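Two complexes come next, and they have one chain in common, chain A, joined by chain B in the first and chain C in the second.
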Partner chain A sequence: MRRVAVFMLVCALGVGALGQVTISFWHAMSRALGETLTELVDKFQEENPGIKVDLVYQGGYSALQQKLIAAVAAGEPPILAQQYQNWTTQWLDALVDLDLFLPAEIQADLLPQFDELFEGRMVTVPFNKSILVLYYRPDLVPDPPRTWEEFESIVTAIGKDEEKGVYGTAFRPPNPEIFLTLLYQAGGSILSDDWSEVTINNPAGLEAAEFAARLAQYALLDSAYTSDAIAKGIAIGAFIDTSAGYTYNMNAANAAGVPLAVAPLPCHDGNCASMIQGTNLAVFAPKASRAQIEAAAALIAFLLREDNIVYWAQKTGYLPVTRSAIYGDLWQSYIAGKPAQKVMTDQLIAGGFGQLLHPRYMDMRSLLITYWELLLMGEDTPQAVLDALAAEIDAIK
Partner chain B sequence: MAGHGLRVNAYLLRRGVGLVVVYALLLFVAVIMGMPLFWMITTSLKDITQALRIPPQWIPNPPQWGNYPAAWNAAPFAIYFWNSFFLAVTTTVGDVATSIPAAYVLAKMNFFGRGLLLGLLLGTLMIPGQMLLVPSFVLINRLGWYNTYWALIIPWTAGVFGIFLLRQFFKTIPDELWDSARIDGCSRLRYMFQIAVPLVRPGIATVALFKFVGSWNAFLWVIIMTDKVGLRTVPVGLRFFMMDIGTDYPRLMAAATMAIVPVLILFAFAQRQFIQGIARTGIK
Partner chain C sequence: MKLPTLRKGRRFWWDTLEAYVYLLPTLAVLGVFTFYPFVNAFRYSVYDIRTRTVPGHVVYVTVDSSAWATTLARGRIPDELADVLRKRGATPDDLWVRLRQADRWVIKDEASGQEYIIVREGEEIRVHQATTGWAMEWVGWANFTRAFRDPDFGKALLNTSVYVGTSVPTTLFLALLLATLLHRELRGKAFFRLASFLPYITPVVAITMVWAWIYDRNFGLLNYFLSTLAGWFGLQFSLINWLNDPRYVMPALVIMNVWRFTGYQALILLAGMQGIDREYYEAARVDGAGAFGVWRKITVPLLTPQIFFLLIISLIGSFKIFEEVLILLQGPGPQKSGLTVVYYVFTKAFDAGHYGLASAASVILFAIIFALSLFQLTVVQKRVHYER
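Now for the complex of A and B:
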């Protein structure tokens, strides 16, 4: 910690000696999330009077992505931006190697789940991260399922009654991360380790797809957030959703007057993998001076500091991304009386995995969305869906 | 005489029944068309549970008037409203001002390549706007207009839609009118402004209203071309209520209700001209 403090002091003194350094920070955090981010950035500026941060809300993730594409093409990107990992390959060459600017102590403090290198380069750091967990109705599911078999038997028992608004589970077709979680739990993967072969349609993939297809027969399939369905009074036995949606799901359940609880994901043959979601921070090189890059690195280091990251997690529902924060007293005492947050934390530590860091992952994800929907809708057999998906991935990998 | 009276009565009855049927049909269509507006306004006064209830709860009980101040305070809406109004007015004036002469020329003046020019202009309508975002951003940056009102106004002061629409209006004016005016010594410019333009007023109102609404609703262009809160517009403020993990419908609808008020006022003033314009061009 001392070295981090010294690093930040040196940064502050360094930029201070040259006058005030201004860095732009583009993000897509609105309402409470945006307010908390603003609070932290204000605190950073108080601690670092030589650095001014222009925090700019860019109207949501889709608009932020389009603006970043345009800005990078024009050679006018911001200094710092929030971004999904799957955007990285679009502008990899424009990103700063953060390992050169962040203290080794901070890099080593990141949880191994976030040890993500693009072509051997550390170009992003995790920021607002969530994990998939199981939400369930204790009145319908007294004991949350621990295995796929238990999950399926519960979902089948609750069944599906559209007239009464009762469903065993729920899936969001635009969210293929659920399928990837099942795929990884079954021991499968999108590509082989050396990326030379598409493996998504191998027996493990088929097992995951068949499992999802069987559950889908009793599922509410809706692109809208599951919290919307809950608020409408629709009863869903148990469903997989992101931990970031906790507040919304609980508010919806409270509004509908029904209980809702959180449990670890059901595992398959002892594999409890769960896909991490959320965005990272990246520093863009094209227009940045050395002082600006150092200022951006100082802000990242500040945001990853234990007290700040725990505060961020408490206020937003995201999970801490560093060892010092997640195992530290601040977070551990916070979750001690909060079973749901404890489940999410344990899920991240035990089974969290990130996205495939392939240059064409973004295109692969688009394909995954299409075929995940086909699978859920029962448009074709799981094997046929996977084979078609594999062929398309093979063409772009 | 009695037979004549009976026939008159039968005629009046038939006419009355016909009117009732027509009005019932119109009322039905009006209800269908007005339903989303009604839902928006009533949802702006509901809490989240009432907003999402199925079947819909049409009347908020109790009305949540606090949604309006909460929505207003969630983002700097005073600035956003001013910017939306300023941009909508300036781009509408600019678009109408450039569309009129361009449309007149394409409708009434013969010159080499007129058809090709019109085809090229119409061809630009086929290009999705999002494809133009990156080159537009590059251009705006090179012009030094990034983060200025210029970026939000100048590119929108000319549009193919307005030109094409007004061209169709100008084409309906008989050429004999120009012949007569010319005999009386009228110049082309004076004829256009003093005779032709007043005849296409419904078309101008239609173009203006479409432009105003389009500018009022501008979101992506504003986000891409600006960074400053002081340059952002109402649709950017509406995005505050839509997060990646859920949407705050009651406050979103409260903000949306406030956002459509200026457009409704404008429509109320331009209603007659607008409907004539729609009827004459067949725009839907």
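Now for the complex of A and C:
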């Protein structure tokens, strides 16, 4: 911690001596999230008077992505930006290797779940991360399911009544991360370890696909967020959703006057894998001076500092991404009285896994969305869906 | 005989210049936002475009690869490289490593902003001047082949064709009926004319947001209206999932846009109807023609110039359907049932970064619209009756 403080002090003095350094920081954090980010950035600027941060809210994630694409193409990217890992591969060459600028202590402090290298480079660090957990209605599901079998029997028992608006579970077709979670829990993967073979249609993949297809018969299938359906009074027994949706789901349940609780994901043969969601931070090099890159690195270090990342997590519902924060007293005492946040934390530590860092993952995800939807709609047999998906992934891998 | 002179007077050139000065702002806007992108779409369609650090000319070659690699891997500049770049005007303290891989490194000269890429090939290391940005690599027809092989593009073409094939004639037919009604003497005619035009002048975003609510499965106005109607006739009605059932997505888009454009088209047709000489109607009545006969044999044929104009305009406009999909469906819709060609272009360019593919798809769309417009101008126009 002392080394981090010294690093930040040196950065502050360094840039202070040369005059104020301005860095632009593009993000997609709206409402309360945006306010908390602004609060933290203001605090950073107070501590580092030599650095001015132009915090720019760019709209939702899609808008941010589109603006980043245009800005990078125009050669005018911001210095610092939030970005999903699958966007990163598009402009990998334009990014700075952060391990050259971040103190080793901070790099070592990141949870192993976030140990992510793109083509051998550390170009992003985790920031606002969440994990998939199970949301359930205690009045409909007194004991949350712990296994796939229990989950299926609960979903089947509640069934599906479209007229009354009652569903055993819910799936979002644009969210294939749920399928990937089931796939990993079944012991499957998209590609083999060396990326030479497509493995998604192996027996493990088929097991996951068949399980999802069975659940889908009793599921609300809607591309809108599930909280929208809950707010409209639609009853859903138990569904998998990101921990970042906690506030939205709870607010929707409160608005509808129904109870909602959080439980760990049902596991398969003891495998409780859960896919990590959320964005990272990356620094763009082409237009940046070294002082700006150092200032951006100082801001990243500040945001990852235990007190700040815990404050961020408490205010936003995201999870701390460093060992010092997640195991530290600040966070542990906070979640001691909050069962939902404790579940999310345990889920991240025990089963969190990240995205496949393949250069064509963005296109693969697009295919995953297409075929995940076909699977949910029951358009074809799970094996046929997986085989077609595997063939398409094979063509681009 | 005195031949007309080709030589123009000074007055003519001043008038021409003056006209161009007035046109300049419009030409500038059109040039930047229409013509330049239009030409570039053709150019981009034959390139693979990515953000890359592209090597330029070679600055230095060495065989001392392992020593360089070790130093660069630590994020430091090898002394030999610092010397080389010093001779090129760089100050060693201004050089820093920003990208390092096993066989590829990028360093930047802080003072000049110049980047250098160092590439290891076997025992040899080459130092190149480099630029990072949009790099275009010629791929010929590959983007077009890729588009035609992409099932999503096929689906987008099919969906767009279905949309155009249903919404254009439906809108035109309803507009013709509405114009006929508005042409009659009726109370509150001015109000109905204004009301029918309102959807056209209301921003599409606002319209689509309202229709998203109208189409809501459980609480939407349309399902409420249909279930009430079914109730009156004692029929069973199961709520239609307009925006989440692939069977109803396209009808939902068509209904919304028919509603949006009918009023506008009706006013154009109404203007045409008012321009038809009354003598034709009087002559027909003298000959004993009925109201429908007059409408079919006189009004419609004499409206063909307006109908033809609307047909071309609405055909082109319908092929470009985009905002409605983006806002109403927040995506391509269930099973991509709402995926249209422009939405495909948009997502390929701005979500996936495949600019070449997106440009190729837009060129294909242009070719289709161009061919159809040409067909209309050559074949369909022969059936247009111009009043003489």
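A few comments on the model shown:
Here, the second predicted complex is superposed on the first by the 397 of 397 C-alpha atoms of A that agree within 3 Å, B and C clash if a C-alpha of one lies under 4 Å from a C-alpha of the other, contacts with A are read in each partner's own complex, and residues count from 1 in each chain.
One rule holds in what follows: a residue touches a chain if its C-beta (ideal position, glycine included) is under 8 Å from a C-beta of that chain, and two chains touch if they have at least 3 such contacts.
It should be emphasised that the depicted structure is a prediction, and the values quoted were computed from it without experimental measurement.
When the two structures are aligned on the shared chain, A:Gln66 is found in touch with chain B and with chain C.
In the superposition on chain A, A:Leu221 makes contact with chain C only, while chain B stays out of contact range. Within the superposed three-chain model, A:Ala273 lies out of touch with both chain B and chain C [touch as defined at top]. In the superposed pair of complexes, A:Ala282 makes contact with neither chain B nor chain C. Contact with both chain B and chain C is seen for A:Lys232 once the two complexes are overlaid on the shared chain.
Where the contact sets of chain A with chain B and with chain C meet, they give residues 66, 69-70, 73, 165, 232, 234. Interface residues of chain A facing chain B in the complex, by the touch rule stated above, are 24, 26, 28, 30-31, 33-34, 54, 56-61, 63, 66-67, 69-71, 73-74, 76, 165, 225, 227-228, 231-234, 242, 244-245, 247-248, 251-252, 255-256. Put simply, chain A touches chain C in their complex at residues 62, 65-66, 69-70, 72-73, 75, 90-97, 100, 119-121, 162-163, 165, 173-174, 221-224, 232, 234, 285-286, 289-290, 293, 362-363, 366, 370, 373-374, 377, 379. Touching chain A in their complex are the following residues of chain C: 50-53, 75, 96-102, 106, 108, 110, 132-134, 152, 218-219, 238-239, 244, 246, 329-331, 334-336, 349-353, 355. Of all the residues in chain B, the ones that touch chain A in their complex are 47-49, 51-54, 74, 130, 133-134, 136-138, 141, 146, 219-220, 223-224, 227, 236, 239-248.
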